[in-house]
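Across the two complexes that follow, subunit A remains constant while its partner is subunit B and subsequently subunit C.
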Partner chain A sequence: MFSTALTWSDLAFLAQGAAMTLAVTAVSVAAGTLLGILFGVIRVQAGPYWSMPLTFVLDVFRSVPLLIQLVLANAFQSIAKLGWAPFTTSCVVLSLYTAAYCTEIVRGGISSVPATTRRAARSLGMTWWQDMRYIVAPLATRVSLPSWIGLTLGVMKDSALVLWLGLIELLRASQILVTRLQEPLFILLICGAIYFLISFPIARLGGYLEKRWSPND
Partner chain B sequence: MIEIENVRKSFGTLEVLKGIDLTVKKGEVVTVIGGSGSGKSTLLTCINGLEPIDAGRIKVDGTEVHAKSTDLNKLRSKIGIVFQQWNAFPHLTVLENVMLAPRKVLGQSKQAAEEMAVKQLTHVGLGEKLSVYPNRMSGGQQQRMAIARALAMSPEYMLFDEVTSALDPQLVGEVLDTLRMLASEGMTMICVTHEMKFAREVSDRVAFFHKGVMAEIAPPEALFGAPKDPELQKFLAATH
Partner chain C sequence: MFNYTFHWNQALKALPQMLDGALITLQIALLSMLIGVVCALALTGFRLSGNRALSGFATAWIEIARNTPALFQIYMAHFGLGNFGIHLSPYTALLVGIAFNNAGYLAENFRGALKAIPDTQARAGRSLGMTALQAFRYIILPQMMRVAFLPTTNQMVWAILMTSLGVTVGMNTDLAGVTQELNARSFRTFEFFALAAVIYYVIAKAVTLAARAIASRMFRY
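Up next is the complex of A and B:
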């Protein structure tokens, strides 16, 4: 018969880890998406030349491994005496990382709206903002959604790296239990299942929205 | 009244409009013909301020289009324009497509906008298509929807830029009929077109553009019957 030393309180410990993963992901994806929308719009409006500095900075965030960003940011905040908690530092870094990718997604979404459609909106007397709000935003969202869902799921998994700053998120919680109980396969299986349980609704939501919008393309 | 005075416009080093003068009175229908690249579309987009101009001026009901102080969005709401590509808003139903600008730009109530939209859509023969999405309609229907969408703003002027050029031949008729109907109702219109028969029928005056110059302008009988400009003679010979 299958037996395990895993107790209910160990499971609660894992759940706390999962909650930390969710918190870091939620904050980073929310902040990163808002920033990404802002930067994406700026990139499209300013054109490739004037947005070069912004593009450069975002490219740095996209190309330097997240782990290095986390460690450097943590060192920086301590040198600069910002007094940030590991949770804050983690969220700031992950938000910028998310924003860097989201900017490209948003830019792609906006560029996918034909110039002729936007010209039609403007020639009806709509302002730039009305065109953005009622024409570009809905159309760009439809185009960007699959990539954005992918980004969100990716950030959730990448958020495990914040364990290097001492945060006990899902993966770190599992590691602690593995070390203590010496049942790596079983515990990692549970850990994987929890990741899946968190991801699944997000992926389904994406699928649902895509289906709902597709007949109107 | 639309008054175009000595308008010049370049894209980079290419001068596309080389001093255009044209006055279109209320209720008048002017069609513009001419070869590809002669500046016809550019003139229309200058009239509603989508494109800036380099010299001269354009006045619509006395308001200078390109003056800094002009509220372009307000001005555009009285100049309807329909383009060659039928630019439906694909995420909105036909009814919503037509209601959007009256609601957001003119601030109409939902009820008033809907009433107007239904009226205009019925007018162009799409009364049965209100809750359909544009991609479920033919090009001709989408183009008529674009016309209804412009008309729902109660414009005083309508500009049409080759609205039938991208349509399958069998769909051209229904859209031209819509334009004829508007012309017969007294709408002030500038129509860029390649449909010579249509131009002959509906126009008060026909303008021939050649290389950024309005080479000839005359009532259709004169322009088609006795063209003076040699380029126009060539152009007409080629299109017949």
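Up next is the complex of A and C:
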């Protein structure tokens, strides 16, 4: 009835691709989040006027297609003779891309903390850092975490584009198998199922947290 | 560091070609949004219909659209449908893929917008003698539009950015495709793609600003 030329080693090949997808995502989200927190705090501290240059640069990362960004970065690193591997280039671009979105999330989180609460902290004798660490951070995390989870999943899905630089991640791995086995639908369905299995539970968790932690329930 | 001469002239000479590509990009994005909005409204209706099969279908569509990469969805339309003997051109495959993606995200937005309007309003309309359709048309829809407008324009920007993925399935008439074709001929990758990036940026900003202008006129009160 149903027969396929797909072997176990092909499935292992797909799993390797999925591991590459997860590796690129993990590195980019980790670096992007750190940068995003830094930029977010800078944006709040500096105010809208002085942070305009930063806002503009980050906005560029959100208004230019990721594919174009990847191609540009790859061309740039070869022009500048940096000798980066495709993995490095992909991670750098995706980190900045993540940071651009994360900055907005962090900024939203910080500004959701009422000014009065922060003033109360300061008048209790807390330093700026203590206020940030013990008052703002816990409250802002509550507001930001659901959107941060959404961002992480978005980056995971967008990381499929790094195939353009020749990195063999999940989608590229399945494309290679499709070319060899000529069973596009079956292999792509497996590939989609893997993406879905990674993404869906985490998306559900995000939705749950959003409901559970929504500030005015 | 830079042992490289930039040839911006070549890229600028190709500007008219690239602007033609930008028009195709806009065309695909607009069409995909139109199809997406219609499908999303249908999906929202299916979900509320109470019919198990219909709401299951809608949920499946929405979850698949939201939990797999857009590029995967385009691949599915281009390579996957070939199993059924349906061979779509890159243009159609791109359009189908993005419209599918848009519909999933927009349906979720519309659902959120519907939720934001209290049931009591529709009931008030009904008790004033409106039919269900009238209540929806004159009470629910205008308020729903107000809530859903901003997310919808965001999705439009996303659709524009997503059209660049067409180049991976052999699309060569949209902005990314034209740029790639020029690049393949001259290997001036950086110059051409930098220009493309500027054009994408301008389009995205123009759409955002236009949407803001429309919103401030439409939702003045």
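Here is the rule we use: the second predicted complex is superposed on the first by the 201 of 217 C-alpha atoms of A that agree within 3 Å, B and C clash if a C-alpha of one lies under 4 Å from a C-alpha of the other, contacts with A are read in each partner's own complex, and residues count from 1 in each chain.
Quick note on the criterion: a residue touches a chain if its C-beta (ideal position, glycine included) is under 8 Å from a C-beta of that chain, and two chains touch if they have at least 3 such contacts.
All figures in this text were calculated on a predicted structure; none of them were measured in a lab.
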- Considering only touches as defined above, state whether A:Thr127 meets subunit B (first), subunit C (second), both or neither. first
- Please tell me which partner, subunit B or subunit C, touches more residues of subunit A. C
- After lining up the shared chain so the two structures overlap, which partner does A:Gln69 touch, if you call subunit B first and subunit C second: first, second, both or neither? second
- Query: In their shared complex, at which residues does subunit A touch subunit B?
  - Reply: 114, 116-117, 119-127, 130, 134-135, 138-139, 142, 213, 215-217
- Item | Of subunit A, residues touching subunit C in the complex | 60, 63-69, 71-72, 74-76, 79-81, 153, 157-158, 160-161, 163-164, 171, 175, 178, 183-186, 188-189, 191-192, 195-196, 199-200, 203
- Item | Of subunit B, residues touching subunit A in the complex | 48, 50, 73-77, 79, 81, 83, 85, 87, 89-91, 100-101, 104-106, 133, 135, 146, 149-150, 153
- In the complex, subunit C residues that touch subunit A: 1-4, 63-64, 66-72, 75-76, 79-84, 157, 161-165, 167-168, 176, 179, 189-190, 193-194, 196-197, 200-201, 204-205
